[in-house]
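The first chain written gets the first letter, and so on, giving A, B, C and D; residue counts start at 1 in each chain.
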Amino acid sequence: MKQEQKLKVVVIGGGSSYTPELVEGLLKRHHELPISDLWLVDIEAGLEKAQVIANLTERMINKANCQIKVHLTTDRKLALKDADFVCSQFRAGRMKARLRDERIALKYRMIGQETNGLGGFSNACRTIPIALEIAKEMETLCPNAWLLNFTNPSGMVTEALVKHSTIKTVGLCNVPVNMERGAAKMLGAKREDMTMQIAGLNHLVWARKVLHEGQDKLGELIEELIAGNDQMMPKNIPPFEWDGELIRSLNIVPCAYLRYYYQSRDILDKEFAASESKTNRADLVAEVEKQLLEIYQDPMLDTKPQLLKERGGAYYSEAACELMSSIYNKRSIMHVNTRNNGAIQGLPNDCAVEVSSVITSSAILPLNVEPFDSDTLRLIQQMKEFETLTVKAAMTGDIALAKRALILHPIVDSGSHIDEALLETIRENLDFMPAFAHRLAQSEQ
Amino acid sequence: MKQEQKLKVVVIGGGSSYTPELVEGLLKRHHELPISDLWLVDIEAGLEKAQVIANLTERMINKANCQIKVHLTTDRKLALKDADFVCSQFRAGRMKARLRDERIALKYRMIGQETNGLGGFSNACRTIPIALEIAKEMETLCPNAWLLNFTNPSGMVTEALVKHSTIKTVGLCNVPVNMERGAAKMLGAKREDMTMQIAGLNHLVWARKVLHEGQDKLGELIEELIAGNDQMMPKNIPPFEWDGELIRSLNIVPCAYLRYYYQSRDILDKEFAASESKTNRADLVAEVEKQLLEIYQDPMLDTKPQLLKERGGAYYSEAACELMSSIYNKRSIMHVNTRNNGAIQGLPNDCAVEVSSVITSSAILPLNVEPFDSDTLRLIQQMKEFETLTVKAAMTGDIALAKRALILHPIVDSGSHIDEALLETIRENLDFMPAFAHRLAQSEQ
Amino acid sequence: MKQEQKLKVVVIGGGSSYTPELVEGLLKRHHELPISDLWLVDIEAGLEKAQVIANLTERMINKANCQIKVHLTTDRKLALKDADFVCSQFRAGRMKARLRDERIALKYRMIGQETNGLGGFSNACRTIPIALEIAKEMETLCPNAWLLNFTNPSGMVTEALVKHSTIKTVGLCNVPVNMERGAAKMLGAKREDMTMQIAGLNHLVWARKVLHEGQDKLGELIEELIAGNDQMMPKNIPPFEWDGELIRSLNIVPCAYLRYYYQSRDILDKEFAASESKTNRADLVAEVEKQLLEIYQDPMLDTKPQLLKERGGAYYSEAACELMSSIYNKRSIMHVNTRNNGAIQGLPNDCAVEVSSVITSSAILPLNVEPFDSDTLRLIQQMKEFETLTVKAAMTGDIALAKRALILHPIVDSGSHIDEALLETIRENLDFMPAFAHRLAQSEQ
Amino acid sequence: MKQEQKLKVVVIGGGSSYTPELVEGLLKRHHELPISDLWLVDIEAGLEKAQVIANLTERMINKANCQIKVHLTTDRKLALKDADFVCSQFRAGRMKARLRDERIALKYRMIGQETNGLGGFSNACRTIPIALEIAKEMETLCPNAWLLNFTNPSGMVTEALVKHSTIKTVGLCNVPVNMERGAAKMLGAKREDMTMQIAGLNHLVWARKVLHEGQDKLGELIEELIAGNDQMMPKNIPPFEWDGELIRSLNIVPCAYLRYYYQSRDILDKEFAASESKTNRADLVAEVEKQLLEIYQDPMLDTKPQLLKERGGAYYSEAACELMSSIYNKRSIMHVNTRNNGAIQGLPNDCAVEVSSVITSSAILPLNVEPFDSDTLRLIQQMKEFETLTVKAAMTGDIALAKRALILHPIVDSGSHIDEALLETIRENLDFMPAFAHRLAQSEQ
């Protein structure tokens, strides 16, 4: 990209309550990232909410004294035409679908988290067909644009995109950013003096190296973590203690989601209990969303409100803006979801992995990952297989493949309840799972 | 081995109620397998029971008009000296330990089966140190002898032996024999006209090829299985229905134990329910054992009684005798546990696998296994990692490694209950787990 | 295949001087292999010679008092219809092409052997298109028949067939049979008491295990070989001494062709010298061929003449007949070219390898091969890559791929002489290399 | 490393004629690399020459107005004590040994280049024992120092060091720097705007990505190269034309040394011809060396003379100084020899590879390398196997291993001449090859 260029940025799912954070990040980098047009795309049903967001966005831009034109549209193709960056943050089926996923999962005593287990599966099946449709449109309308995906389940969506589209795609997540910032605090280091290498899959990621002042401080960080000084946890995850003996033996710094695998029964029991007392994650998020929208409507508001921080996605937009800036005008190391190509030994070349990478304007260059201990590798391989089968199931509607995916998942029990839960999931999502709907109709003839 | 040789066969755990079956098999093959001496080795505590077995053995030999001398001893080294074949069928901690394993596992709502989950782990930790001690003695006293292991957990015990001893070791199990016999019946084929190739790990094995009359009848067998005509199940496993859609999609014929992985919640629920009504496996076996011993004492009895068939180990001794005969005087294909060396792609070369192999008097030559579908491979890899970590833990007493093994097991939840269950297991088995006892003592100082 | 069936055997290239050996082998096994019809297929230009062979064949059958009908035809499709076994032993371009290959290779100081280097490349490019055409016809006319290929270069032809056809194909060579017979003599063992495992690629094969009387006698065999007592060499290869120090360090028994890789300069120098004195292989063979044909015409001759033994292909037909018999009515271990599927670690699953295998009527089951030492593996991988690129080049006519194949070959120098030699080869074989001819025409427009 | 620290730099082989270039580089970076002491270490026999170099070094430092103390010593341990950076650029056996290598190689019509074939083998066997001795001393005297190796054969020396020492070692070469600089010129790009990723082994390296202004310009660079506009060649290599068709098909930018593999006969013929007319590389270098030393003695000279550029090692010291600076105070991407760990798929984890890496003060983080085409990979694997066997042979003196190394080398013929050439090499280098000398003495007893 040339310096003189005026950039066109498109946000799919622009009516999300996250958008103001993204806008804040873009404004902060306006001198290095010369955006001329910001397109917010949303669906008809979300237009009212999206208008609130668009208005706030304009107020924020005015306050920052920038010359960015804001466009709100439901015409995705119009928006994509000649785009430079496309940020994908839509939610297929909106918050209602997420609530439904959690409900069905809990009914069958399964995990319903939006990126994991039955919830993640369901979310992937709704989201991947749309993501591929967007990429297909981009191949015609803006073939050189970058697609920044932070739509969840980000790992599986990115895998579908890198496998089935030619568009340059990068999957983003705020988990590694939180780890890096937290680690710097825990070690009393300046973030820019530290080089942290993370590796794994989305929401299944570990810090592998924490380089600082001529040393690898991984061991030191592990001891801080075990001692209870964990500052790497995102806001939306309740604090808990790691099993020190286990973490020390693994010699690895896990991301917060790893507790689902290292302490599954404890966590699931807590989650099931919470669900009974109506304090589960989807409900909480829905409540915050409602409050946020009210605040956004205040015509005097021209900055990102405090409450958004508690929404859980801190540093999402930070990561997105930083990535755009790195692609546009500097070489930096970031933690992204991209094609493996051997960066992590023992996984297929064509799958998506979450790894620290050198970002350039032409390509993402993952750092090589030193071989994992074999038990950690087995966990990664198993989850990747779950993801790969899920992507295939999402695209084909093959119910047997869906079962094969789910029974392989480390924290999903196999058994006849899977059949029932799957059928219920598909029936409740018929509009969003065209391949499954088609197969179901066939089998019921 | 030379034809004129008179063979010395040693049975470790000779006082087992299985022994009469083994004796029957040896007598049946007496013309091709010229045994001169049969040594039954047992521990002091089991001597009374072993004497009953030895007496019955002598009556059976007399009836068959054979010239085999029977020796009963607690002096293992005396027995091993210059042995040709050593059959290992001992049970470390005897039936009591097995009952204890099941009890502890159930207490923490975990699977307590003697080869799987916490039960398998515990059994391995008790058994492996003794198995390695025997192999060490053999390296001095009979370095060219073959060690036939059917002590459970047979896969992990064989892995420990092939990794840490130079003795030619073969692990045996009756599951593949049952599959082969059952498949022949299901297909209406003569067993000798059929070539079945099985592959996997002990108790995690699949038929991969069922060759008969110029065709691979795997698909036909799968349909029979799904249709409910399953004749491959050992007596000790209650019948149940496979998920036809799943099995057809996997395109593989699973052994009976696979239901723990393909229908885990259904099976575990049934098992937990059974345990509450005192009808669990270990109790049943203990009851049958008691009855058997009474029958064996009958001085008129000179054949294997009918009840033994219901003991669950049918074809164990068949496999053992067939293996000795193949090694001694013919080349045949059998299903055994042996060093992988690449027979199954994606597993370490030095681990033990259960594969159809050409048996010769000099070496076991596994048939190559066509690559598994990647989800099946992931399951195998995960279980193998559990086994490998368990072997290491058994030898070192490293509790963190033990945890890493257990949390990787596909049907064991991770969580704090693991710690408690592990500690309870070790405390109740201090005499049989010297490495753990030592570590525990250290950590409690 | 059913016992009552009357078998139809088709020989492509039936007019070869080898045919009487094949006929002898079939007659020897007539009781276990009930052939009713033997079809000899040849091209118009070879019909006169083929008629001589057909006549001799009938006299041999009459003498043996068998009821096999002999058919001679140039109509391949007629012959293939409902065949049970198809033996492929044609020579594309006949002996003239082989002579031409040797001449061109020598001109550029390269190896011109018919399975190796430029000669092997050229032969493959002539042969593969025809082999694939035959297989394509078989897919329609006799889809369940077995294709036994001993057309050279047997490894590459088999690779093309297993990759690009659904016909059950087995590639055969007399090298392993010679090794096995020779080894038995060298060890003073009966062949049926010995189990030899060989592995590698066609003409690049090693004995890996020589099992006999409870021991692996590989080391003993190596010492015999080094001591000069080499009885594994086929007749057509002049004797020479192995580098004892090297072979002992490699701890492997090489086939005779390995001298091209272990002593390349010595052998090539000798070959180049021979070529100057007109004593090269192709000339010798042409001379013997001429003599054989004269002998065959003798109307009194009704057995295979002695001279055929010196033709060099001893045990080719032995292997072919034995294979048909094993497929038809017994399970045996033979050394064949078949799909790798992981039998040799470090090679692609879909390539062809030469390995000891259990032969059944439904499938070829290769024995797993213990990992090779890494330098030997590198040699195998390099040759396999040469073969794979050659197959691709033969099918596409891509000259750059042809170069990539040749410069990778361990005993072919890279350099501008390759271009010239390649062009000369293609120009002289235009009729037999349609893909190259097409590309050449395009590039010269 | 802390900013306030005063750095101690040690140069092993400090008397080399290259040293002034290194000194120039250090002085240029004096503000970012605060060196207090520069130790030049050489052997007794080289002391006179080294004194000339030390004197010139002091004059250069004075001219630059820097406060660096220069120490000249033969006491290596004294120099290593508490060093921060150790630059290894010694030549075992000095120029005489290199001349001898070339002479012996040519005598047996083999390549005698100092990093390749018999010459590289011989050089490795002389150098590795000394390099390991230095590393051993460093483990005691300066365990946290970095060892920068540019002693040839740099790849094999680095492999020996990363395998057998705990010292942080980086191998350097000027080839990738030359490629990067040349490519920038060829593309009309500023070097700092371009990200070039190289990968392979030392002197067997390719550019894999040439990222510039949002595109990968690899294809463009290939076309420039083919068109004859090759500016990536070091001065010491005579120009020549690439085979355009081949390079385009390989789709890869080769380093200059690749001509040994892509055009071996042409190059070797030219080399052998040159050797007969006494214009071979080693002779030329010896002549330039002599002239340089005379110039260096001029007491008025206080800068690096022009002639040094023609010495052939341009950018060696550039690379070394840049690396020290990156380690000391910034994160940058450089092309270095380091432990593979999976960066290049298909090579052992523990071998050394030459790859673009992020340099930090704590660790070298290689960029992951996209899988090579399989024929290129085979070439790399084969050369790596040669290197690995050579390292083993150098350490053990195992002559059979030495042969196994050499006969695997793609441009070394196997045959009896290898034996003779090896023996002659060892006999002429007895003082420098202690392990071989020992074995030879044993075998001759």
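The definition used in the following text is that a residue touches a chain if its C-beta (ideal position, glycine included) is under 8 Å from a C-beta of that chain, and two chains touch if they have at least 3 such contacts.
Note that the coordinates shown come from a computational prediction; the quantities given were computed from them, not determined experimentally.
Enquirer: Can you give the whole-Å distance between the Cα centres of subunit B and subunit D?
Expert: 57
Enquirer: From the mean C-alpha coordinate of subunit B to that of subunit C, what's the distance rounded to whole Å?
Expert: Chain centroid spacing, subunit B to subunit C, equals 44 Å.
Enquirer: Per the centroid of Cα atoms for each chain, what is the distance between subunit C and subunit D, given in Å?
Expert: Chain centroid spacing, subunit C to subunit D, equals 46 Å.
Enquirer: Two or more other chains in contact with one residue: find those residues in subunit B.
Expert: Residues: none.
Enquirer: Chain contact topology under the given definition, line, ring, star, complete or other?
Expert: ring
Enquirer: Could you list each pair of chains that touch, in label order?
Expert: After working through each pair, the chains in contact turn out to be A-B, A-D, B-C, C-D.
Enquirer: Residue numbers of subunit C touching subunit B in their complex, please.
Expert: 1-2, 144, 195, 197, 209, 211-216, 331, 333, 341-343, 345, 349, 355, 358, 360-363, 365-371
Enquirer: Which stretch or stretches of subunit D touch subunit C in the complex?
Expert: Counting only subunit D, the residues touching subunit C are 243, 245-246, 248-250, 261-268, 374-375, 378-379, 381-382, 385, 388-389, 398-401, 403-405, 407-408, 410-411, 413-417, 419.
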